[in-house]
Structures are given as structure tokens and as C-alpha cells.
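The block underneath contains the structure these notes are about, expressed in C-alpha cells.
Each chain gets a letter, A, B and C, in the order it is written, and its residues are counted from 1.
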Amino acid sequence: MNPAIDGVAASRGGDDRAALPRLKSELLELNMGPQHPSTHGVLRLLIHTDGEIVHSVRPYIGYLHRCAEKIGEGCDCRQFVVYTDRLDYLAPMNCNFGYVVAVEKLMGIAVPERAEHIRVICAELQRIASHLIAFGTFGLDMGAWTPLLYAFREREVILNIFERLCGGRMLYNYYDIGGVRFDLPDGFAEEVVDFIDMFERKLDEYNTLLSYNKIFIERTADVGVLSVADANAYGCTGPVLRGSGVAWDCRRDDPYSIYDRFEFDVPTGQGEMGTVGDSWDRYMVRIREMAESCRIVRQAVKALPEGPIRTPELKKIVKVPAGAAYTRTESSKGELGFYVIADGGATPFRLKIRSPSFSNLHVIEKIGPGQMISDLVATVGSLDLVLGEIDR
Amino acid sequence: MEQVTALFARIAGAGTLSPQLLLWLGALTMALIMALVMAACAIVFTWAERKVAGFIQSRYGPMRVGRWHGIAQPIADMLKILQKEDIIPADADRKFFILAPFVLFIGSLMAWAAIPFAPGFVAADLDMGLLYIFAASSLVTIGILMSGWASNNKWSLYGAARGAAQIVSYEIPLALAVVPVVLYAGSLNMTDIVVAQQGGIWKWFALRNPFLFVSFLIYFLASIAEVNRTPFDLPETESELVAGYHTEYSGMRFAFFFLAEYANLFLVSCIATAVFLGGWGHPVPGLNFAPALVFLAKAVLLVLAQIWIRWTLPRLRVDQLMHVCWKVMIPLALVCLAGSGVWMLAFVRFA
Amino acid sequence: MEPAAIHQLLVEKFGDAVVGWHPDGPEPCAEVAPARVADVALFLRDDPRLAFALLMCLSGIDWDGYDAAGKGKSVAILGYRADGTPEAGERVATGDLGVAYHLYSYAHRHKFTLRARVPRAQPSLPTVCRVWPTAAWHEREAWDLLGIVFTGHPDPRRILLEDGWIGHPLRKDYAMPGAWEGVPLQGQPYAVSSAKPVLPPPSAPAPRPAPPDQGARGPAEGGSA
């Protein structure tokens, strides 16, 4: 006798079942991953199913563990920037940003104005690139191939901009303690504005193609509903939290860098197509955030001052004064926090990375069960996970 | 087939071959032609699918092999797939695992026999041709179930269960949608059905009356489900079930699934052409095209429409799929059947 | 509410259980007795004046060899030698382990940091995953990487490393393995801090790759059916 089955029978009104001859039945144990097309990396979900209905979801992580925190204790602060690229490899600029802000906060140094603006421009462009992947792969999870290619087409322009900026297309290692590594190439501002002009029109195309597609809405509305209470309890942040209707954004509500100077809205899930906090809401928050990022980039490009791009008085090997601080930034996936404990030397004594996807994935244990396998795929897709930062 | 038999008789000289032998020769020739057509359409459609997908997704698709727009890409793929190792999972049910792709393939091959490509050009001009086609193409379900079960893979099993449920369900609207046509044509013979549509575009059954047009749409949508393509590709949902019922297949065996998929795709389009779109009849009066080419052109257009749909839409969930079938399509098909009957009584004069 | 005021509230409520207060530095934090962590956590979450709904981060810390004077003289961690063999540590680690809880309140928009220290010999403290479910994974990670035991944890397995892993890598006395399951491991030393990072002077023009030609899209290969 399987207690899980009996529990299910009871919840469905076990009486008519009792009248039937006792059939032996058990839940099907299914490994979704580590190699599976829709887990977005090497994530393994151990699920128990009764037919198409999922009864329990248990994530197994760590397949991509690269000891980032241990490495952080072994190399000096500036050297670690390159490892932050590898956390969320779809948004390395945001990860760079989070880390340098954390170290600078402990050091108590100010960053030149020009560098701050460059940082914001890059971070927002990167957010668009990352959300484009989220948009594309979510479409792919729903069986629509084409949005992915459209997203890659636009992302390509961002990658070209970044390539001209720092030579990298995927991992940039661009932010530096006290500034950024290289100054802007000629014509950078125009290139960025051109892209934004082009991109804002593309958003309508995405909406026509996918967001307001009837099948897509049927597949995502009311699926994987995440309540505000659960989102808070499981530490969900970023678009996942905002999809549940909480207008909270680190950039606006706990500002770092120069985000307090820019005007932008924090889009939230409104439950337009179903319940507040469903997969469609989480998806739509990302689409709307891209428009907001465009607004920020426009303002930042307009306000871009001349001047140095790095704090000049900084030595090559930076020493961080003793102390401990947890600093969070809004990466494309949510709240990316670095807890740095320094002892006055060049190397952090302890470096804990709080990645947004780590907590966002955890909540699948709560909202995954009870839906169909297809819905589980939709829910996982709408959380926009990157295993690089979950496993670190 | 009679022409083919007659051709053989003429070549060999009258009376030199026994009628039995002639029959066999004719049947073999037609089977060969059909198999070649199937292989050719699979090759052409894989290429077309990639190119169309490329255009829809603002990219090129294959461009290198064969110099002109990757025209030789399917051949290169075939060569590659022939060299692949044939893997049979250790715990698979070997007999069924090996048999399944052939059952699937034969199911669609058999149905081809009754398709009239041109006047007289039909392998088996059966009196209940339409019924035979639906019966033969139902074999696909058995092939899918066999492969899913024999693979001993949970994803395959899911795919097979979904596939069986889906195909069995969608056969009903599919069949119901062609019944009004049978009413009009008064025959189940495919050639008769096509002949009944000759003489201008308004004779095509899809355009005879509004109910028939809706029937045509129902048939078209149900046929997409029948061949497991997006938005109804649940048996092989890549993002959910890895590859569904053919997850464990590789090499040539996989190629058979692939072949059967495109053959089926073309088959349902051919049926639609014959049943709803006037077969080899073309709308321009006076012109005399090769009838087979007209027929193929119509079928290819339908295939392109299916490809277009596949690369544009997301996919449904399994319960929504069933909802569409049982609660929308079947009632609508029944309404169309009744409507067509009434329309016939009211407007059509019987000779 | 300011951290100092929150600390005052904690002292009023829990008295001796609040064993320390570090007001200096960028992030003031209160230290509580490990045995009372779960009670304090519940109070922090449920008291309407505090309402810490979000546990931003839970970090395990190995304080062994920490240079409290702030001169950067902490004991270095063990890595690999240049020849690829693991460094061996002769020093016996004695320092405490610790846990830091970073809290945030959406309602009041204030933050607070709570710390607890546990002796290395018996590194256990009650779990807070019933207060904030998100702690469950962070605590598994702290167990996995630092060997801190959270009593009452519903699922106390390793999370990032394999189940059979020996040792807890983020401990300061952790020696790198020379082999794993019979396969020898070839390691590399940590980047040496004296190596000079190569940076262009701040005023130098940026290296500029040729502008990519965005209009022309070369014939793409592949495609998918």
C-alpha cells in the first residue's frame, strides 16, 4: 500500500474507489534532468506522477558546482571579478556589478561619475539580453520555436555592443573595483540609442507573437500560481516576486550605484489573464521590464559625463578594510547578494554568494505539485533559472 | 493500376504473361512508385521545413550542402543517419522495439494505395477507398504504442500514451468531417469523389456550402493533430517528454519515424486535396495541366500551411487538446454533417 | 527602524540570549546565543514592529584563523602546490564556526543582521527553516560546505556536493583531496596575489575590435527540423 496514493484517493473522495476491486497502483518516479530539454541547464527534478499529474517535485542541484566561494577565499578581490562572470552566465554584467558594489561598500570608496553611468548602461543592456533569453526559452518550453530566434536576433546586437566595449561576447570581466576596465569606444552612445530605438518596437512584435497568443495564455495563465506569502517565505525576488504583485525592486527601493537618479516604473503582475502570480504574470513582468530598462539606458546615455573611468588612487592590489557587509543588487533574475567578510588583507576572508535563482528554484517544491507535467515545465520556465548561479 | 498492368501486357505482348503475374507486376510497380514518392516527399519536406522555419525565424536555414540553398542537406542527413550506430536499450522489448518503426511506416504506406493522383493513377481504386485510408492510417497508433512500450523508458511511455489517446480521439472529427463529402459524392471511392468535383472551383467540396467549408477546416486542424505536429505535438513534446515515443531510437530506426512523420504529413494533405479541394481539377478553365502536378501542388500548399503553423504557434496541453477535440471539434463536425444534409435537401437537385 | 533600536528590542525580549553587539562598520550586527536562534528568528518575523518577512541570506562562516586586528593576517586556506599535489595543513583549527542571518522587512523597509557563533567541537544550532522556509536550502548549504549542523532540519542532506563527499570544503583547515573515487586529482595553486594584473592606464583608449557588420548576415549553417 502506498500512503501517497491512499492520500490522493482520500482527497478525491475515496468512497467510489473503495467500491472498485483493489488495483495495485503506484506513483511513477520520473527523473526530469539532469539532461532534459526544459530544465535550462543541469538541473534534476525528481518528480512523482500519477498519470499526467505531478505529486511531488524535489530539485537536486550541484551538477555545476565550481567552488566559487572557495576560490573567492583564495584569490584577491580584483581577481575574483572574472569568476562572477561565471555565476549567471546569461547576465555576467549584473553579476560583476553586484560584486564590485559589495567590495566598494566595504572599502568605502566612491566611483567616478562616468564609470557609474557606464555601469548602469551595461547592466541594463545586460538585463535586456538576459530577459530576452528568458522570453525565448520560455516560448520554447511552450513549444514555440520562433520567439527564441527573434530574441537571439536582438540579443546579438547587445552582444556586438559589448564586444566592441570589452572584447567579450559572453563573459565580460568588465567591471572593476573602483570603476570599469575600459572606456567607451567611439560611437558607443549612438549605437546604444539606435539599439534602444529599434528594440522598443520589437517588444510589440513579441507581444503579438507570443504574449497575447491564445494558446500561450491558455498554457500559462493560472499555472504555477505563487502567492505573495510563499514568495516571501521562500525568498523569491526579482521578476518572480514582482509577478506575484509585489512592487519591489532593489534598484528603486534599496538603491545602489546611481539608480536613484533615474525614473522608471516597477512592473508587477496584475493577474490580467488569470490569477496574480501565475506564469503569465512572471513572464509579462520580464517583457515590461525590458521597456523600463530601455528607459533607464536612455536617461543614462543622456546624462553620461566625461571624466575618469576608474578611481585613480586605487592600487593594483586592493586591500579591503576589516569588516563584513551584505550587499544586494538587482540582477536580471532577482536579488543578487554578496556577503563579504574582510580582514584587512587583499583576499576576502569569506565570500558568500546569495544568488536569486537559488531561492527562486526552491519554491518549485511548493508550487510544483498538483499540476500537470506540462504545467511544471511552464512553471520552471517562468522562474527563469540559471544553474550557473544556483550551483556557483 | 489497370493502366500499369495494361502497359506491362503491351510490352510483353498480349497473352504472353498470365493475368496473375501481370497483377503482381502491376502491384509491385505501384508499390515501388508509392515508396519512392514517400521517400522523395520526406526528403523534400525536411528541406522545405527547415527553409520555411528559417524564413519565419529570420535566418537562412541550411545553406552549405549542395551549393544552392542547402538543397542536398536532406541527403547528407540521410547518409549521416545511415552511418549511426543502431542502439537498442538493454532492457527494451527487442521484438517490439525493432518492429515498431516498420508498423508505423507501413501504416502510412498502406494508406497511399488509395490516393488518386491523376485520373486512373491510383494504386488501388477501392470502392470504399476513404474508409480504407482511415483504417490503414490507424495502424500508426499501434506503431506509436509499440515503440513507447518497448523502449522501456518512462518518457517514451508518456509519449506513447499521449499519442494513442490523441490519435484515437482525433480520428473521430477527422472521419466526421469527411462524411458530408461522402453524402455529396454518394461514394466512398476516392476517384469518384474527385471526379464529382470537376468543373470549376465552385464544384470543390470545400466551397460547395458553408458547412462543408467548416468541415474542411475541422479536417485540416484534426489532421495536424493526427500527424503530431505543433500545436498538437504532444506525443513528442521536446520540452516535456524529451522526444516522446522515439526517445530511445537512433540511426535508421529513428529515420523511419522521421520518414513516416513526413509521409503522414503529405498523406493527410493529399486526402484533403482529393476530398475537399477538387483533386487534380484546377480553377482555370481551358488550360490543360498535367493532373498529377496540379494535385501535388495543392497538397504541397497544404503541407506548407502546416509547416507555417508549426513554426508560429506554441503547443497545447494534453487536457486542452482533448477539450478541443471532444467539446469543440466533434460537436461542430456533427453540426456540419447535419447542416450539409439539410443544405442538400434544400438546394441540391438530384439527377 | 535602526539596527541599534532593533538590538534594544531584542535585549529587552531575550536578555542574556543576546550575547553581543557590533555597532561599527558598514553593517551593525547582533550576536545571539546559538540555542535561542530559532526563538529570536520567530520574534523578528512575527513582531509587528520588526516584521522581517524576508531572509535575504544565510551564510555559514568558519572564523578559524580570522585576524581580528584587521591587518589581513588571517590564516591562508589550503590549496594545491605547483606540482598539483594538495597542500597539507599542520595547524589544528580551533576557531568557532558561525552563521549570519541577513533579514529584510518589506513592510518597514529595514534590514538587520543576526549572527551566531558555535564551537567547532559541537557546531550545532536550531534550524530556522520553519520561520523562513528559504533557510532550508541555505542551511543545507552551510552543512554541506562548512559542516554546521542544524538541529530539527527536515532534510539534512548535502546540497551542492555529492552525498559521499568527505569533509566540508569551506572550513579553513580543509585539505584539498588528492584523488576522488580512485581518480587522482591534479590541482592548481590559487592565483598568487603578487602577480601584477595587467591593466591599461585609465586614460588609454580602449582596444577596439572591428565594428561588427550587423547588416550582413552570412549564410548560416545548420538549422533544425
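Convention: contacts are C-beta pairs under 8 Å (C-beta built on N, C-alpha and C of every residue); 3 or more make two chains touch, one makes a residue touch a chain.
Small disclaimer: the values here were computed from a predicted structure and weren't measured.
This structure's chain pair with the greatest number of C-beta contacts is A-C. Chain centres defined as mean CA positions place A nearest to the mean of all protein CA atoms. For this pair, chain B with chain C, the centres built from the Cα atoms lie 60 Å apart.
Centroids of chain A and chain B (each the mean of its C-alpha atoms) stand 44 Å apart. With centres defined as mean CA coordinates, chain C is found 20 Å away from chain A. Across the assembly, chain B contributes residues 53, 59 that each touch 2 or more other chains.
Multi-chain contact residues of chain A (touching two or more other chains): 145. Counting only residues that touch two or more partner chains, chain C has 224. Looking at the complex, you find that chain B touches chain A at residues 53, 56-59, 154-155, 158, 230-231, 233, 237-242, 311-320.
Per the touch definition, chain C reaches chain A in the complex via residues 24-27, 29, 53-57, 59-62, 66-74, 77, 79, 100, 102, 106, 109, 113, 132-134, 136-137, 145, 158-162, 169-170, 190-191, 193-194, 196-197, 199-200, 202-203, 205-209, 211-212, 214, 224.
Listing the residues of chain A that touch chain C in their complex gives 61-62, 65, 67, 69-71, 73-76, 78-79, 105-106, 108, 145, 157, 160, 163-167, 176, 179, 181-186, 232-235, 246, 248, 253-254, 308-310, 312, 316-317, 319, 321-326, 328, 335, 337, 339, 341, 343-347, 349-350, 352, 354, 358-359, 362, 366, 391-392.
Interface of chain A with chain B (complex): residues 28, 30, 36-38, 52, 139-146, 149-150, 153, 209-210, 213, 215-216, 218-219, 372-375, 377.
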